[in-house]
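Read through the structure below, which is laid out as structure tokens, and then see the notes.
Note that the chains take the letters A, B and C in the order they are written out, and that residue 1 is the start of every chain.
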Amino acid sequence: MLTGALAADLAVNGLVTGLFYGLMAIGLALIFGVLRIVNFAHGEFYMVGAYAYTIVAARLGVPLVLALPTAFLFGAALGWVVERTLMRPLYANIGSWGLMRDEYAVIVTFALSLLLVNFVDKAIGPYAFRAPALISASRVVVGPALMSGQKVAAALVTLAVLALIAFFLRFSYWGRAVRAVSQNRLGASLAGIDATAVSSLVFSLAGGLAALAGALLSPIINASPDVGAFPAIKSYVIVVLGGMGSIPGAFIASLLLGIVESFGAVLVSYQYRDTFGLILLILFLLFRPQGLFGERGREV
Amino acid sequence: MSGDVRLRREFIATALLLVLLALVPLVTRDVYWLGVLVVSAYFAILASSWNLLAGFTGQFSLAPAAFAMIGAYGAALSAAYYNVPPIVGLIIGTGVAGLIGLVLGRIVMRLRGPYLALTTLSFAEIARLVASNSINITRGDLGLPLEPWFNDRVIWFYVFFGALTFVICGLYLLLRSKAGLFLEAIRDDEIAAARSGVRIVFWKTAAFAISSAAAGFAGALYAYFASLVTPELGLVQQTGLVVSMTVIGGMGSLIGPVVGAFLVYVTSEWLRDVGGWQLVIFAALVIMFARLFRTGLWGLVTTALAPRRRAAGRPA
Amino acid sequence: MSPLLSVQGVTKRFGGLVAVADVSFDIAPGELVGLIGPNGSGKTTLLNIMSGHLSGDQGRILLDGEPCSGLKPQGLARRGLMRMFQLTRIFPRMNVLDNLLVGGRALGLAADEAKTRANALLEELQIAHVGHLDAGQLSGGQMKLLEFGCCFMRTPRLALLDEPFAAIHPTMKEIMSRFIRARHAEGQTFVLVSHDMPVIVELCPRSICMNAGRVLSDGATSQVLAAPAVIEAYLGGAAA
């Protein structure tokens, strides 16, 4: 039964999970906003981040405070390469794509995901890796809830990073450029914004954030080649709920999904807890494709 | 070249390929390699059915493996609980997949591109999660065992080749009729197709249902072959394979998915001995094909054989 | 004669913007009506409502005296209402001949019949020499001709043409207007949206001029073009 104490515990845990979802989903939303594609390899950036952190910290003995940014940089670099080699044709020559554009994006990112998963599986091995925790305390009291020290530390880092990102998007030149290109690519380029550079930036940032999420969670959920599938699916759900491409929408939807899942698992069904979000995704795309907060545009 | 002529050429090429492959048991009766060809034929059916949807109708679904899984469970559950004979199980599996495809196809009617991909991916994941968590019905990840239908690999080989031939002929007849015109028109521009009087809802839903039924058919057949059905049949990675095969072979042509399926699966078995890098290689190939040769291997062949080269697609 | 199409008090708002405001007119069978007006005056929106691509907020439309608001575009196509879009819409990955066949087959022609008809249209529109190309490989003007042809695979009861002459070479324009004139002489009904005044004057006995969603003037083309309100709103001092 749902007592007050349990409810508070569930709420806090749900919110913290939602924060982690946010770190993943915001990158996906940024990419969708600027390039109008869903990156089906987003989860693999998470996986790559988890490995980068684990290897750098556990094998090479780099201090943890440096290992985290290393994972971020690694993800960002990978994102940059992917954008340069695979995404560029999507808008460099946008006219000649016509119909094939959406298909190309799905195929290429889907294949990239397959490539990265299997590459890591072969190059490093299919076994799970345990990463060193930032804080080793196994039980920390957070208000009404109990959590592992790592979860608390990761949540704090996430909060700080999300605040930074919000600040960056809101006030910096490049942040405004990102928002301008999301609204109207052509218009933004005519206004002198380098839309191509914005695309690179967004892909790197998204890759970096996903990798950071993987790094932060790798001490809790051990790194393995397919570890990215789960958070990727969560971020698809969130991006749809928040309105494809909306950053604030994605953030609010992340917290909501975290809470819905944590209560749903107790109140509705533990077995089928992972299907709630997916069902929400389908319902939203069918009945409210603009998400919780968006609007629609002209067709003919 | 008219669409008609192109389609007939592809059909003849596919028929030749199938005849050639059907001769394999005369050369070798190696159980392992016949098994590899059986699985390739399974994937060829899946890829061809997915191609009807993605290549000919422009509905980029990410659920083909889920429908194969649904077909397999349709057969396995009816066999386990009602003890039906294989042929009935096959019909049930195909029918259930087709019906669910009909409903899903009707529901996702309006969605395109990334939206459709996300919806069908979610559907596929839900289907898989339900299969693996409904433990008291499906035994979850342990899987449902089935009485094997035949024990002789050569018989299985010909059963699968018969099934593949059946599916290819069906697709050919469908695409050659006015349905083929309508589906391609819908793929290219739904609004223009509607303006021309094409019944969009009917044809899109029909394509979804037919494609799903064919995938379910392949899955049900595979269930009897493997004599075990697990939720793994519906993994997204399986869909990844189906997409890879189609893209490498040539999306939007009748023969592409068949060539792709055999090529990818048979070589991947070959490469298994060199440490299992095959999936890495294929994923890289898919990216390369999508990036550089959008018409796949079949497209490369036809361009090479074309009497005069034509200008590449011009920017709209 | 009872009107073929009757537009009665149709209004369409986009947020605060009234794109079509209380528009009413009738079109008799066999008429060729020019629909003119400055950019953004609501012509395309009105056509979208007539062809079922948008639903109006108020008012109704009757085809042959029967209300047809609420019908989908394909339903209206089956009732004989054909529409050419302002931004060309063809099937770029199908060849030119197949592009035409789609419309013919969808509206019930048998395979041979459709092929004969399509080839005749290709000849008449002088694009037979590119009949085997994929439509996406055509020039912009050829695409327009192709879309134009698509509307006539089965003789429509009413053809709505949204700026068929925009960005078209004079020779091709001549081909199209000759085609329209010939069909009009045979009794075909048209609504023709265009910014090309000489063509409107030459082709259309009657015109409707819209501005800011309203009908400013409706009548004989010469009178419409001479109406002070039209001159002020649209042609400005230059044409006076």
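Following the convention adopted for this analysis, contacts are C-beta pairs under 8 Å (C-beta built on N, C-alpha and C of every residue); 3 or more make two chains touch, one makes a residue touch a chain.
Not measured: the values here are computed from a predicted model.
Trainee: Can you tell me which chain lies farthest from subunit A, using the average of the Cα atoms as each chain's centre?
Mentor: Max centre-to-centre separation from subunit A belongs to C.
Trainee: Would you mind checking which chain's mean C-alpha position lies nearest the centre of all protein C-alpha atoms?
Mentor: B
Trainee: What is the distance in Å between the mean C-alpha positions of subunit B and subunit C?
Mentor: Distance between chain centres: 42 Å.
Trainee: Mind checking the centre-to-centre distance between subunit A and subunit C? Centres are C-alpha means, answer in whole Å.
Mentor: Centre separation, subunit A to subunit C: 47 Å.
Trainee: Distance between subunit A and subunit B based on Cα centroids, please, to the nearest Å.
Mentor: Whole-Å distance between the two chain centres: 31.
Trainee: Give the residues of subunit A that touch two or more other chains, as numbers and ranges in rising order.
Mentor: Subunit A, residues with two or more chain partners: 98-99, 299-300.
Trainee: What are the residues of subunit B that contact at least two other chains?
Mentor: Within subunit B, residues 187-189, 191, 313-314, 316 contact more than one other chain.
Trainee: What parts of subunit C, by residue number, touch at least two of the other chains?
Mentor: Subunit C, residues with two or more chain partners: 53, 85, 92-93, 136.
Trainee: For subunit A, which residues are in contact with subunit B within the complex?
Mentor: Residues of subunit A touching subunit B: 32, 36-38, 40, 86, 89, 93, 95-96, 98-100, 102-108, 110-115, 117-119, 122, 229, 233, 236-237, 240, 244, 271-272, 274-275, 278-279, 281-282, 285-286, 289, 299-300.
Trainee: Considering only the defined contacts, which subunit B positions touch subunit A in the complex?
Mentor: Touching subunit A from subunit B are residues 54, 58, 60, 62, 107-108, 110-115, 117-119, 121-123, 125-126, 129-130, 133, 187-189, 191, 236-237, 240, 243-244, 247, 251, 275-277, 279-280, 282-284, 286-287, 290-291, 294, 313-316.
Trainee: Write out the stretch or stretches of subunit C touching subunit B in their complex.
Mentor: My answer: residues 51, 53, 72-74, 77-78, 82-83, 85, 89-95, 97-98, 101-103, 105-107, 111, 132-134, 136-137, 147, 150, 153.
Trainee: Report the residues of subunit B in contact with subunit C in the complex, numbered from low to high.
Mentor: For this pair, the touching residues of subunit B are 1-3, 178, 181-182, 184-185, 187-189, 191-200, 252, 310-311, 313-314, 316.
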